[in-house]
Structures are given as structure tokens and as C-alpha cells.
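Lettered A, B and C in written order, each chain numbered from 1.
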Amino acid sequence: MLTQLPFYQQAILTLSAMILFTSFALLAQSRVVSIIHAFAWQGAMVALTTALVAYDTGLHHLYISAFLTLALKALFIPWLLHRLIRRLGLIRELHTVEHPVMTMMIATSLVIFCYYVAQPIEQFSETITRNTIAISMSVILLGMLMLISRNKAVSQVVGFMSLENGLFFAAISATNGMPMVVELGIAFDVLIAAVIFGVFFFHIRDSFDSLDVSQFHRLSESDE
Amino acid sequence: MNNWILALIQAALFIIFAPLFAGWIKRVKCWLQNRRPPSLLQPYQDLRRLLSKQVVMSVDASAVFRVAPYIVAAATLLAAIVVPLIAVNLPTTAIADVIVLAGFFALARFFLALAGMDIGTAFGGMGSSREMTISALAEPAMLMAVFTLAMVASSTNLSTVIHYVLADGMVLRPSLLFALLSMLLVGIAETGRIPVDNPATHLELTMIHEAMILEYSGRHLALIEWAAQLKLMLYSVLIINIFFPWGIASELNLVMLSTAIFAITAKLMILGAVLAVSETIMAKMRLFRVTIFLVLALTLALIGILSHIVLEIH
Amino acid sequence: MNALILTLLIPLLSSVAMAVMGQKKIAGSLNIIVSLAQFIATLFMTSVVFKQGHIGASNGQFYIDSFNVYLIALTALVGLTTSLFSRPYMEQERQNGRLSTNRMRLYHTSYQGFLFTMQLALSTNNLGILWVALEGATLATVLLVSLYRTPEAIEAAWKYFIICGVGIAQALFGTVLIYFAAAQVIPDPEQALLIRVLVEHAAGLHPIIMTIAFVFLLVGYGTKVGLVPMHTWLPDAHSEGPTPMSAVLSGLLLNVALYALVRVKILTDGALANNLSGHSPHLAGYLMMGFGLLSFTVAGYMLHRQRDIKRLFSYSSIEHMGLMTFAFGLGVPLATFGALLHMTVHSLTKSSIFITVGHASHIAQTQKIDNIRGLIATQPSVGWGLLIGTAAIAGFPPFGVFTSEFLLLSATMQTHPWLTIPLLVGLAVAFAGLFRHLHPMVYGEKPAEQTGVQANMWPVIIQLALVLWLGLSIPDFLAQWFDQATQLITGSGLL
């Protein structure tokens, strides 16, 4: 029962619900700056949750993971994105959500779907965080939904990175993190990916005059 | 028998102190905005002034227009009887159901909207249509938040819910946290506070609640104003007692009751101050943004339910 | 052990060196030299494996067995031949003004970086590192796809990045689930992602978790394999990037992704073998067969609609990857043996085809099939190279592709006879799709002012000769490795 858990374990659960909320916020936000802020908050909360799990389990390598996440997801990538959109002059841009109500309904169904899929997995876990597996899976799928529903490059990148947050959170909640070498490798990949995305913004802007990905239809199979 | 008297006293407390609560919020706002506050009793004087005035009514007004203030006041009063203020376990708990409560509010709103359209002025119709738009979005959000509570406590009965939360002690429940946030947003929208509506202006383009009651005067207006103040207090008490019930009297003895009165006064003062602060730092949003505001409330409530199912059931 | 370190270090260090030293004239030649060095290192390693049977290193973090050893050598070989091709090709692109010197530096850095990730993915024994390497392969190649900076190239690269990034994220989730399942049976968490350890404990892994994990991994790595419907990035990336990159993408990346998928399938089969979950023990196989057959069929039909020569052959790659996925899904030794052979010959043939296509598009100065005409009349070596390469990939005897496809068909006939019909129809459709485009390109009337280009056809000749050799007789040691790998994958050998 929830009431018998120590306070920091309750905090883990509450934080994971708040992480889910940031995923919803990412889906619904239309101002590009708010999107980046919501993403930074998500990263910070994932890092905090990791630190709490580290405290709970006594696994010290998780503190390193938490620190990496904080540095990368909550500070560096939001800072990079912020800098980029400022340099590209997009700071006031609006990324309108096409079908907000539809998106929200799909998002809710995705969460329920994840709950259904995660149930058999959760049965075999003894960790306190087992219930958050469904949440982490939802964050992954909501990140994908954001990638699909947005047509601006910046929002898509945030969706992609939020998906990475979900993956990291999944590793934390299911297995208390991956082996350190894998963790470092993943962090390195994310870092490189963030930099390459930044490079891409300039390429796309130079070729298309905006970061609107919906102009990408030169390579569709149908008009051939 | 004693308990029945207590229940009546509790309802009377609502009736008496609702204008005072409104006055308190106004006072804190004045402080924050560096203005000289009116007396705390100003709302009472306003009501008295309105009551003593003659009713002026349009020649086109039908019976609906005339009856509406009484129905609105009566429905709100019934709601006040249902909501536990200082004590649970009162005989009125049998009907102290959140869904009943929502029904009373809906009834009041329905007649208010009808009255707004009855005269056939442009403002009345506009206000009614806006009010119904907002409530169409606020109601599902509120019910969703209520369902979250109901799932947590396995009941929609207010006093059972409060008992449950009291018995739990200090527990960080993600579901209740999100239900609270959702209820706060719904409460703001339903009671017509900033940023959804501004009760203090009669600016044509932004009015919602005030537009509906523009044609009322005299005792009719007094009843509606008083009902609005009562509704604000009801929502505040509801939020306080569901999410922070500590101090409420679970046994009906003098010590606990006086503690409860003291506690609820303090909590209401704090909540009123918070409301005043938020109204001071926020600007009223455009009408079309209100839908987004309420969708946010709905989403929060939804996450509340989901996190209860996903996280809290083992 | 030392050879293994060299195999990994040479491309890594040369990638860094290429980035640091900037664009020099010799970068192209240097690229060849380091690729050659890497190839020699892998040959040395191959001989060690040949003697010892396997190599393990770094506390079990690396493990070379008969399944990956020949893929490592193959990767180094294709890396070498493509670097031979790319030096004059990229130089020509630079002279045509399509590339600046700075981008040449990016090209060489990414090229070696890509080879490093491929070798890392193949040689690692850790499922997590395997994932990191495959994601790294995307990162290394994504800037190559957009190398020309045309709107089309940017669009293709963006699609590639997003689709593969999302796909591979699913694979990471699958990996997390495997780690989760392994943590229940393997006490040491540091060991719980090592493939060797996992294989030993496969029977103890929880079948339901492994099933869910496999679905995620299939979607994830399947995206990189180019399985329909996650294939949409593949034709775009192949057609818009520089041709040497298309050659290594088709010849290497798809193989390595499939290799990763098969490694996971072994685990899933092991977990499902004792039939506790209520799922069919061949669930993973059935899923792979379904995706494989779908990809095979769809890509075969898509061949007919193509107007771009590189898109044409990238759809052919999807078709063949589908066929291999199907064959691994069948799960019988004969099919698995055939699939392993097919991996090898497809990789050799397809990279040589892309090399030829690169020359052909230089001759015609376009990638549009309609504007490429009379290759044999203009430059016989390129024309014949394209013709023979396409004949090989279409499955003409006596090339190796014919042998492997024959093995696949026989295996299908034995296990699922009715599935031979869609396979045969698909092969016929693909054959028609390739040759209806090929015929006018090779034999059509030569445009008036079309002249030949300086083309180095040696890589093509070597690779096609190898394919021919594999079609006529498989060398003994290779057959042994294929057989051991078959044992590893299906549990029983063929020979």
C-alpha cells in the first residue's frame, strides 16, 4: 500500500506522475520557448527521480546517471535549443498543435495501452519503481506522438529527446539503470545527436527558409 | 437531534460568512495593489443596500426571470448544507455526495443562463452562451477530478472521502495532487475569477457572469450576488476539506468543534490570500484561451485518474 | 585479441585523425590505406578464430564466434573496396563543384567512424553496446546523407535521422526489458547484458517479458534493416547521399542490423522453447517471417515504379533483407544456412552494384533512369558491370545469390510448401522490375555527347568474382563457419 511506503518512495511515484504530466504539456504547448522549458523540467524531474531511486536502493552509480541526465537533458540540451532558436530568430514562434483534442485523446489511450502492456512486466519486479514502467513507456510513446503530430523541426527534436527521457526512465524504473558502460554510451549518443540536430536546423533553414518540416514532400513515393 | 442543530449551524455559518470571505479576498488584493481596502464588512453593506432598493424589471421579463434568483439562491443554499465545513459525521452526510453537489451547481447555472437570455438583450444572451461554453468544459473536468477522488476513497460521499484522507495521514498521492490542481482550475473557472472572468469589471467584451445578471436589480441582484459569494466559499471549503482536512471535527464535542472552526478560518484566510495573489499577478485571458485553460484542467484530472490506476494500485 | 583491438582502433583513430588533420589531398589515399590495414587486421583475426574457434576479450565484453567473424571480415572487405572506389569518385564530385573541401573532411571522418561502429556492433558481446553502436552508425552516416546540402538531401537526412532514431529507441526499450528479464536469473548485473551469458540462461528468461522485448527489438532493429513498413527512410537516404555511402549502407549497415535482430531471436527462442507462456515457441520466427515476406513482396512491386537508379537498387536491398529476415524466421538449419550465405553474397553484390551505379550516374550526369542510356556503348566496363551485377542480384545462376535463394526455396518447400508460391512470384516480379529498367540503360541508344569517365572497376570485379566463386563452391572454412553459426541460431547444424 502507498501509505506504508517511506516518504521518498511516495515522492518517486508522485514525480513520475509529474513526468507524465510534462509529456502531456509537451504535446499541448504551442510556444516554442514553453516547449523547451517543459522539456527541461521533464529532464530535471527524471534526474531527481533517479537520485531518489539511488538513495532508495543504495546504488551509487545511479547518482552518476542522475547527474548525467541533469547536465544533459535539463541543462545542456535545453540551453542548446534555446540558443539555436534565438540565433535562428524563432524565439517567438508558435508551433500550433493541429488537432489538440484529438491529440489528447490519442495520448490518453496510449497511456492506457501502456498500462495494459506493462502489467505482465510489472508482476515480475520487486523494485519499488515497478509501477512506473507503464509511465516510462507512456513517455516514450507520447514522445513518438509528438514527433508525428508536430511539423516543426524544433518540436520534433524535443519529442525525440523526450522519448530518450522515457527510455532512460524505463531503464531506471525496470532495472535500476543499465550497466554503467552502456549508460555512458547512451549519454554519448544523445549528446552527439543533440549537436547534429543543431547542425541540421541551420541546414534546413538554409534550404527551406524555415524549420517547417511539412515542406518535406519532395521525396514522397506517390508523385513519382 | 443535537446533530441536526449542528448541521443547521454549519449551513448558517456558510450563509453568514460567505460575504466576509469575499471581503477578505478583496482586502488582500487591495493590500497587494497598494490601495486602501474597504471595510471587511463592505459586502454586507452592499447586500443590505441592494435589498432595500426597489426592483426594476423589463416589461419583457417573464416568470423565469423573476423566479431565477430564488432558484439560484435555493440551489446554492442546498449545496451549502451538503458540504461539510467544520464537522463530518453530521446527519446531512447521507446526501453529502459530490455528484449531488455538482447537480445543485448545474441547476443554479441553468436558471441563471435562462434568465440571462430571458430579457432578450444582447449582453444577457452573450453572457449565457459564454457561461454555458465554459461550464460544458468545466463540468467534465470537475467530474473527472471527482472520479479520481471516488476511486481513491471508493466513494463519492464527501464525508467518506474526507474520512479516508484523514485516516491516510500525510501521504503524497500523485492522484490527489493532480485532482487538487484540476479542482483549483475548475473552481477558478466556475466561480468566475481571474484569469477566466473578472467579477470586478463591467467591461463589455470580457464579461461572462456579470453580463448575465446585468438586468437584475434590487433584492434579485442581492440574492444572485450572495449566491455567487456562497459558491466561491463552497468551492474553497470543498478544496480545503478534501485535500487538507486536518483539523476538521470527526467527533462532535466542543473541543474538536472549536479547533475545527479555528482551523477552517485559518485555512480559508490562507486560500483567500493565495487566490488574491494569483489574481494580482495574472491577467485575464482572452475568452478563446479559456478553453485551453479548461482542457488543461481536464488533462490534469485525467492524469490524476491514470496515475491512480497505474501507480497506486499494487 | 590484438587483432581485435586493431580492428576497432584503426577506424576509430583514423576517424579522429581525419577530423583533426583537415582536408588534405592525401585523405582519399589515406582512407584506402587505413581500410586496407583494417582488412589485414581482420584477416589476422579470422585466422586466429579459425584456429581457436572463438575469441573473447575485455572480461567478456567482446566475443568473436563463427557467426560474426565472417561478417567482420566482410565489413572490412566492403569497407576497403568502397574506399578504393570512393577516392576517384569523391574527387570527381569535388571537381564538379558538388562538394567543398570541408565536406570532404566530414566525409572521410564519417566514413571511418561508420566502419568503427559497424565493427563495434559486430564484435561486442554486450547487447547495450550493440545498441549504442547501431545508434552511433546512424549518427555517423546522417551527415553523409545530407552531404550535398540540396533540399532533397536535407529532407532525406532528416527522415533518416528521425525514423531511425525513433526506431532504434524502441530497440533500446527492448534491450531494457531483456536486461530486466535477465536480472531475475543472472545475479551479477554487469554480466546480465552479455550475449554469451544470456544464451546460457536463455531458458530461464521469462517468456512473456522476452516476447514483449522481442517485439520492440524487431520494430527497432527492423527499422534499420529496412523492413516494411518502417522502410521509408531507406530509399531516400540511399538516393540522396553520395554513392559510396549507399554502397556501405546497403552492404553493411542492413546486415549488421539484421545480425543484431538474429542475436536477439536466439535469446527469445531459448526463452520460449519450454513452452510455458502459452505462446508458440516459434513466435519470434513467425513475426520475422511475416515482416520479411511483407518487405520482400512490397519492395518487389515497388521496383517497377522507380525513376531513380539508386532508389531502384535500394528497393532491391529492402527486398533481399526481407528475404533474409524471412529465412531466419523459418528457423530450420537449411534456411538459416542459406540466409547466412545470402547475407554475404548480397552484401558483396549490392555494394559492387552501387559502385557501378555511381560510375553510371557520372557518365550520364544524372540519377534518373530515363536519362541513363547506352552504357555499354559509352563505357563497356561500366555497362557490363551493371548488367552482370544486376543479373547476380536477380538470382541468375551460377552466382552465389542463386545458390542461397535456392537453399531458401528448398527449405520453404520442406516446411511451409504453400509459401513457396509468394516467394517465387516475388522473385519473378523483382526480376522483371529490375530488368525492365536495366535493359534500356545498358543497351539503349547512347546520347550524342556522352563520354566515359575514369572508373576503377577492380572492386566490382573482385566482389563479383567472389560472388561467382561462392555460387560455384563454398570454401570449406566458410562452410564450417556457416554451419557453426547455424548451430548457434537453430540448435542443429546442416553438415
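By our rule, a contact is a pair of C-beta atoms (placed from the backbone, for glycine too) under 8 Å apart; a residue touches a chain by one contact, two chains touch by 3 or more.
Since the model is a prediction, treat every value here as computed from it, not as a measurement.
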Least step count from subunit B to subunit C, where 1 means the two chains touch: 2
Which of A-B and A-C has more C-beta pairs touching across its chains: A-C
Intercentroid distance (Cα basis), subunit C paired with subunit B, Å: 66
Mean-CA-position distance for subunit B and subunit A (Å): 37
Interchain centroid distance [CA atoms averaged], subunit A/subunit C, Å: 31
Residue numbers on subunit C that touch subunit A, as the complex places them: 61, 126, 128-129, 131-132, 135-136, 139, 142-143, 146, 149-152, 154-159, 161-162, 165-166, 169, 172-173, 175-177, 179-181, 183-184, 189-190, 192-193, 206, 208-209, 212, 235-236, 239-240, 302, 305-307
Residue ranges of subunit A in contact with subunit C within the complex: 117, 120-121, 124-125, 137, 140, 144, 147, 153, 156, 160, 163-164, 167, 170-171, 174-175, 178-179, 181-182, 185-186, 188-189, 192-193, 196-197, 199-200, 203-204, 206-208, 213, 216, 218-219, 221, 224
Contact set on subunit A toward subunit B in their complex: 1-3, 7, 10-11, 13-14, 16-18, 20-21, 24, 28, 100-101, 104, 108, 111-112, 115, 131-132, 134-135
Footprint of subunit A on subunit B - complex, ascending: 168-175, 177-178, 292, 295-296, 299-300, 302-303, 306-307, 309-312, 314
